[in-house]
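Two complexes come next, and they have one chain in common, subunit A, joined by subunit B in the first and subunit C in the second.
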Partner chain A sequence: MTILTPILILSALTFILGLCILLASKKFHVKSDPLIDTVILMLPGANCGACGYPGCAQFAEILVKTRDTSKICPVGGNDLSYELGRILGIKMDDAKPLSCIVLCNGNKTTTKFLADYKGIHDCWAVKEILPSVKQCAYGCVGLGSCVEACKYDALKIVDGLIKVIEENCVGCGVCIGKCPQHVLKLTEKKVKKYHVACSSVDKGAITRKYCTNGCIGCMLCVKACKFDAVKVENFCAIIDDSKCVNCGLCAKVCPVKCIHLTEYAMASKKIAVKKTDDNCGGCEMPCSVKGLGEDGTLGY
Partner chain B sequence: MKTFKCGGIHPDENKFTRHLSIETMPMPKLLAVPLIQHIGKPAALIVKLGEQVKKGQCIANADGFISASIHSPTSGKIKKIENHPHSGGKFVKTVFIESDGREEWAEGLNTDEIDFKKLSLEEKLKRIKDAGIVGMGGAGFPTHVKLSPPKDKKIDTLILNGAECEPYLTADHRLMLEKTDEILKGLSIIASFFPDGLKIYIGIENNKPDAIKLMNEKASPLGFEVVVLKPLYPQGGEKQLINAITKRTVGNGQLPFDVGCMVNNVATAYAVYEAVCKNKPLIERVLTVSGMAIKNKKNIKAPIGTMFSDIVDYCGGIASRTMNLLISGGPMMGKAQYSFDVPVIKTTSGILFIDEIKLAEKKERPCLRCGRCEEACSVNLKPWLLSNLAQKDVERTLEYGLNQCMECGSCAFVCPSKRDLVHWIKYAKVMNANIKAIGATERQ
Partner chain C sequence: MKEVLLVMVSAIFINNVIFARFLGICPYMGVSKRISTASGMGMAVTFVMTFATAITFILNKFVLIPFHIEYLQTIMFILVIASLVQIVEIALKKISPALYQALGIFLPLITTNCAILGVAILSIQNEYSFFISVLFAFCSGLGFCLAIIIFSGIRERIEDADIPECFKNIPIALITAGILAMAFMGFSGLVK
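Up next is the complex of A and B:
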């Protein structure tokens, strides 16, 4: 008989508490869209911030609420966009995958070093006490503050210069804010463009003294370009992406070889060339004959 | 002997030049005068390329409230204006003046000595402002701003800083011995800006007995009190000196005038005397050239803008082949330089040529949590914690008093693991400033 009393008490207690939980869950129920959870699961989950929101959850919430077709996860690209559009019943815009390029090509062998730097291993710490570790005050410091920031293993330091591994780069742009020298820049990933891999605004003679790979502002590229796409500002060449057809004439004449194609493009030996009426001769064959493949690429 | 309440270290003094009198350096051919020689906004250039300037002529005006004007240290021609290495570590717009060897003073400057008591307060302040005088102890805060504190702050204590706690440096020491009367006149000029009943102290470390004796003889009749301080670094820090002499504590975020004090360096007092009594702008300063790697160690009076390479030539050249460190300032708070083209500026109290084998072998090791940095810190911080947080969570360093740190270097000096504590703290300050700037732009 003595065992019966606690059993009864405990059963009654369980029943009452269970009732409380039931009431609480009814009263404080938060309505959430199950779609949001589905979308969160589909997103990469790196919380990189490339979409402009603090993390994937916030992006999912905004996307589901607004059904904005221009909201695109740059990491997932077109494939993810298509899937998301299918679930949400909208047609998403085309994603333009981005990737990082480096506006400096002064590595250990080409750039002279300023001093025997023994301080802490961080680009910002260097900038506090020196113009840079290298003599050029505008180029990559080469201590890798951006490498630590990259969540996709897309950056590494080779010979004291930052290199972008294109396959890994998703174009989130986190590294750009981490660079005190502003030598990282985002460009469209699929369309390979020529770019000037130098940021020095020193006069040509000074740049030459500091770095054998630096742009000296000699204007040869400006003269070589048939499409008026290259100009020299502050002793450093700039290529206007909207006018450039990727013929590569400027890169051929550059005496310091600081006009580069991105790594990925060089590896595949293929670049996208715009078809023009003007036979520039960059590919060494006229556009009107042949050479351009169906996808607008040209094997070199 | 008085001292401040907590922390402090006592490195080897190495004051090799304490017995050498000040030599005036001959005017170099080319001078590089940077437009930033003080805290605050860079001065605004008012001369053009190729223009002839006279000695003492203003070449850049104070631009803004906290700024100081800059004068030509010699007569000659403006040769070029371009970015040049600066002892602060960055490239700074610099005016290059080619000396014509005539040393002609601009009109109305470098006059015979006049009695400062005849001048009104406004006139005195104007002369100090026009002379471009800044705190010459190292920080470079414009003196005319310091001498006009907010109306509601009452200053009752004036301190002349002759502590010179940094090892190697003897410039202030020699100045006190050789220009005693002038310094005391300068101090009287500064004192005249404040109401009567002002207590005036002269703080000198015990390792300068000759200066203490001389100051005692000459200052006591004027009613100034010489305070003998314990030789301890950073005794010459503003907050530490106030604490040592008056026992008042300058709290976090406070300035000396919040506790009714004002501290001026002896070199500043001398510059004030020259500006007010002789109408002579700040175009030269006394500095110590020392260290094992220089042939002749000297105390020299060099024109502002003299490049370090000229000073090396004047002092007999580099004696050691293994010289591995060139420092502008003292060994504790000075900055390592990467170039001999760096010019002397208003706040350069010394140039050191260090030849230390240990430096080449220096390697950072993990923190032992021995707590010696905490013991050495004179503002009661935890340098080990700050440097660790700087690497992991930079915003939290603010909770642990990051901004109280004056980067005196005591913690890094005592660290048995040779950790770059001060550099991490500087890094944390830069990163926090960046975060703040990003936040401000986002809010806009």
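Up next is the complex of A and C:
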């Protein structure tokens, strides 16, 4: 009897509670929009946050509820916008394809090093004790804190300098916040694009001493440009995208060859998301509730 | 009347669930990044804590004690709390979608919050009456609210502060929580 009573009572309690939950779920059933689930399936599912929402589920919910044509998934681009618009019965705005560029040109051979750094392999750790690993305090540190952040395998370190793999970059902009030097920048994709791959604001003579690839602010590109698209600010040239016609004259005259041409394939492509662990990164704690990020009920 | 006041002050300040009993540390660290989410969590905990203690008190008095199975207290209470949270969540979704949105994911997370179970067991150990038990639970919830809101306010400021990269987020939060707990030690001994 001493064994039977607790077993019976516990079973009875479990049964009653189970019944209560069943009744409650029947009585308080709420219909959810199946369209939201469809839209979630269509989105890339990287939860990168480029759209301004914490994840794809939140974006889908807002999109379905508001039918706002200006809500764009920058990762999916025009094709996805078209498909989403078709399903929701609205014409979505054009998505401008974006891509990352590197505003630094100083690799191992061209830029002098400040020290033989053997500490924690992280750009931010370096910045705590030094201006940079290299003598240039403005360029890429080259330890790849941004590489980890990229969900699309679009960044890698080559010769101590960050390189963007254009065909993988979707322009989500997650890497930008991970760079202590701000050498990564989002720009609109064009078939041909010129940009100044340097962010040094030192005077030309000083820049010249530590980096043979750095912009020295010589004004040759400004004089060469017939469209008034290039100007020099703080001893570093800047190209105005809206005025640039991609003639390439500035790149020809540049004595340090720091004006780079990138040619983008404008055709749409399939997006491959790098598989990471279950933690979405939305909160700091690894969550115990499975699929917390997917169910769209996140309160923050 | 004196007892009521003592229970209230003791539950909120002196024997604060977080700072004195170290219960419910998980949500305290996890959802205290912003004041809005922290107050949402605090509200949800207070709500469930009061409700759960009332039900577990009845369960204890009319099931556990008559059948002499007090040793099943922990598992029974966990069962009741978990299903209670589920039912409350389902009901809230229908009755008050606004409140459901405000509490958001915190409501189901409370299922595994040790502070709820802790307060339910404590009020039975202290042999409180039904009314005092519920009051004790409500005030413990308020104490939790107080702790998490103070903490999230500090953390919002810390986010803007220039602190070394290696201390950012969790490390500095743990240090802050420690200092905050020490500050609350000043209340200890106020009520015997």
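As a convention for this text, the second predicted complex is superposed on the first by the 238 of 300 C-alpha atoms of A that agree within 3 Å, B and C clash if a C-alpha of one lies under 4 Å from a C-alpha of the other, contacts with A are read in each partner's own complex, and residues count from 1 in each chain.
FYI, a residue touches a chain if its C-beta (ideal position, glycine included) is under 8 Å from a C-beta of that chain, and two chains touch if they have at least 3 such contacts.
Only a predicted model underlies this, so the values are computations on that prediction, with no experimental measurement involved.
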item	value
Contacts of A:17 with subunit B and subunit C, given as first, second, both or neither	second
Touching partner for A:129 - first (subunit B), second (subunit C), both, neither	first
Residue contacts with subunit A in the superposition, subunit B compared against subunit C	C
Subunit B versus subunit C as contact partner of A:137, first or second or both or neither	first
Contacts of A:9 with subunit B and subunit C, given as first, second, both or neither	second
Partner chain in contact with A:30 - subunit B first, subunit C second, else both or neither	second
Contacts on subunit A seen with subunit B and repeated with subunit C across the two complexes	124-125, 127-128
Residue numbers on subunit A that touch subunit C, as the complex places them	5-6, 9-10, 13-14, 17-18, 20-21, 24-25, 27-30, 124-125, 127-128, 283-285, 288-289, 292, 297-300
List of subunit A residues in touch with subunit B within their complex	114-116, 118-120, 122, 124-125, 127-131, 137, 177
Residues on subunit C engaged by subunit A in the complex (per definition of touch)	26, 29-31, 33-34, 36-37, 40, 63, 67, 69, 72, 75-76, 79-80, 83, 86-87, 90-91, 93-95, 101-106, 108-109, 112, 164-166, 169-170
Subunit B to subunit A touching residues, read off their complex	85, 89-91, 324, 335-336, 338, 359, 362, 364, 420, 423-424, 426-427, 430-431, 434, 438
